[in-house]
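Each of the two complexes below includes subunit A, the first together with subunit B, the second together with subunit C.
Here is the complex of A and B:
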């Protein structure tokens, strides 16, 4: 043990790590009644880290060329040792991230954690959600399968509903009149460099907001306090709380393990869950497969475009809804956070989730 | 009746269990990663076929032999020699000097005979020889 102690001391007198550990981990106190939903931020960080690692590994074999992309994915899946595992972790991990992101957002909404001068925290989180959907969309094209090609064709075509600039915008997104090598090049660059860089910056900003303002208390039990909106900055402290490390860290680790197990269970027992037949056929720009559908988290938007008499109305409704959601902390100004005392909000919340699920199922079977 | 375990002993036990579990987990994640990053074994074993007409007497024909550069030449009519084209000094690819009828390494001036023997310079050993047989109008190498 002596050499280890010596090494710890050697580093500590130079960098003051013990002080940092005492202040930022043991001394970082969370509310005593903090619940499992608060772990979703840590779960998402773990899942995004896994995406970065598996993404770097896939880059070693993937070729971003419309003639070679599909073959390179086949090579990764069939010939590279454990290539299937890293590719599946990346592809299925994207779906699990979307599940965790939606759960995170829904829990924040239900507990009204965006209240109490936490608008920036909410906004950065909301942009992360949208950027992640962008990462999913750009990553979806890269395997250059029939599914990739036609889902991207449909998704980019939706921009054509915008008056005046629609047609130009579609061509601008694709880099050409139709989806092709130009589209693959720009989607690849955005997916592996542009968007991840912005995402890392946003995650840093989101964590900064959470840490600087102080974590909110769950609005349940005798410890409940209404959100205060003071005219000056105040860091919300929890003097009688539990330390982040080791107490809360253990809970974070347990839920991360649960999500990893969930993801591995899909990979090993239901690997085809997110891969229809068209995902295993090379893209053919002259043959559109039947029943091409976007990923499950875009189904609501896909169906919304179809149920209105014109695409522009469908697109407009989506824009209005997303803008409302983004600006919710600026609109919902009441101090009350307990769900039982917010019947109107909870009714809209439950109906909203049911509507999302119903439209998605409709979109899937339409 | 309950037996009290001293806190230090309990902590050491938990720490050992945690370290063991962590090591197992690291190994479970590390093995696929190691295999993924390891060079993929050549599908080799199979022979490389080159048309006899491409190997002109007095000239050298360079080709890919299971992912490595190799060369086949016809030093005398009907006699074929196949060699690895990788210099045994520091791994550069040798060049054929038709006038001198010898191989020369452009990196440090190593010289090899048409049979791959060292004629001069720093190479410590001859070029690796590869079996070659004439089968009809095809040269089967390997």
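Here is the complex of A and C:
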């Protein structure tokens, strides 16, 4: 027997990998009309994996101390072999993840894939989106640039608007009355350990929900079936479907490659796209930059606050909107999933996207 | 959605992004008082807001002294208030910060003749609305107000090439800085050379200007070589980046073709 074959047999007899492959990969059948939007989950897993790898590499050189953090980033960018690449992959990768997450959420909304007893899948996904924004925010402080410092000062100051506990919360978040070494320490801990652990758990839960309930069919074409609300648990099967591996996996791999190409194109041809000038200046608590803008995915919230006469109203409106979005599967109970048969939903969907884009642009130029 | 998610969202995103302006340093008492006045007492505030001084955080008290935090003592000589300098005192007034320029100016023809009404700083540069200096300040219209333009024209000609070099190095270093390169050392050296360059022509001595600008050009040339070396590295990175991007796109296309083949099988 050849050594490789022998090794495969040796492992298989003990762990049953072939059986696992036949059942979970080759035997895992997807709907025949599954489309390209279904690849975004795999794209996100690939991007998050890249974040973990580049994050670990950055951790080898980054120093979470307010006196040394900025210098350590400069060291990574200028002296560590390929340090600039790891840092850019990490920072720009975070923005690409946000793009992929929003596309994933919008596609799920459009195809009403949250229907058919998939509330847990939607909720875990929605929390992943929010947690990722939290990871972006905590990661923002770590370079200890002017942008980091003042963006965090303003963001943590926001907690003060919450009635009764606001002031305590501000100090709790910062670890001190003002943003400083204590803040950097706790944001660092949250960014590299706390939040990633929770995120990994949530991703596991999300995948479990998808796998356990069964993947939803796209609501298009002759195979369309309305989602049924059965009084008992049922795994949605696709007996005439296509195998996940290798048939659909190659499409996942193709889209992952295109996303990687897109990210590298930004890194090599437009590296400054997500970095304003204040991102390259060391934090100075005594000099406030004139124009601090949040990242593009927070711009809508930034501008929405300015539209309303008081901060607390703006805040309340956003909380109501996000709560509505989180609870959508519990509110939208109709069985119909075809967009053509849901004109009200599609109108709100399109207007919602246009509003998001318009408010974000307004926020950028305000 | 649970309240905790709402709170998390609130903490993360919303409330505070709103008003960065609120965090800006408060105006000094000088600006608060004079900003509300009309005529010659209020005009300097609006002019100053457009100036290079304002853009760099240089406020009233940095030149005029006094206490910018205390209404009662803001214009007290006890707190170092100077007020408006006399015509002949202006070079010393500005020279507290622009030391080298003042030194060369005083040694030059203008500085030596200031008692007889020769040009001093504000004659050419203006005062409160002062902008970043450029060679445009040496022009026939302005210089001819006091004397013929020939000598000034010669000085200007000797400066043009160096000025262009300084601007190019500035632009290059800013570009590299925005890409995350540590260019502090080069920026410091440029700063020194720019100071040497700027003070040079305040002496209004043609030979000295030619000699000193040659030295400045040599130093700028060294910085240019370092910039070129970084640009070469950037070019190599871009080349390898392009290759990697092409590989990813091609691999993606190959995967799509494989998928196409599977689709044919699935139809069958």
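Just so it is clear, the second predicted complex is superposed on the first by the 365 of 366 C-alpha atoms of A that agree within 3 Å, B and C clash if a C-alpha of one lies under 4 Å from a C-alpha of the other, contacts with A are read in each partner's own complex, and residues count from 1 in each chain.
Keep this in mind: a residue touches a chain if its C-beta (ideal position, glycine included) is under 8 Å from a C-beta of that chain, and two chains touch if they have at least 3 such contacts.
All figures in this text were calculated on a predicted structure; none of them were measured in a lab.
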Fit or clash - subunit C, subunit B, common subunit A: fit
Touching partner for A:25 - first (subunit B), second (subunit C), both, neither: neither
Subunit B versus subunit C as contact partner of A:265, first or second or both or neither: second
Subunit A residues touched by each partner, larger count belonging to subunit B or subunit C: C
Contacts of A:80 with subunit B and subunit C, given as first, second, both or neither: first
Partner chain(s) touched by A:207 [first = subunit B, second = subunit C, both, neither]: neither
Which of subunit B and subunit C A:102 touches, first, second, both or neither: neither
Subunit C versus subunit B - closest C-alpha approach in the superposed model, Å: 8
Residues of subunit A that lie at the interface with subunit B and also at the interface with subunit C: none
Sites on subunit A touched by subunit C in the complex: 32, 74, 77-78, 84, 87, 123, 126-127, 130, 133-134, 137, 150-151, 153-162, 169, 173, 242, 246-248, 250-251, 253-258, 260-261, 264-265, 267-269, 271-272, 275, 277, 280, 287-292, 294, 298, 301-302, 304-306, 311, 314-315, 318-319, 322-323, 326-327
Parts of subunit A lying in touch with subunit B, wherever the complex brings them together: 57, 60, 79-83, 85-86
Residue ranges of subunit C touching subunit A (in the complex, touch as defined): 1, 5-20, 23-25, 57, 177-182, 237-238, 241-242, 244-245, 248-249, 251-253, 255-256, 258-259, 262, 266
Subunit B to subunit A touching residues, read off their complex: 32-33, 35-38, 40
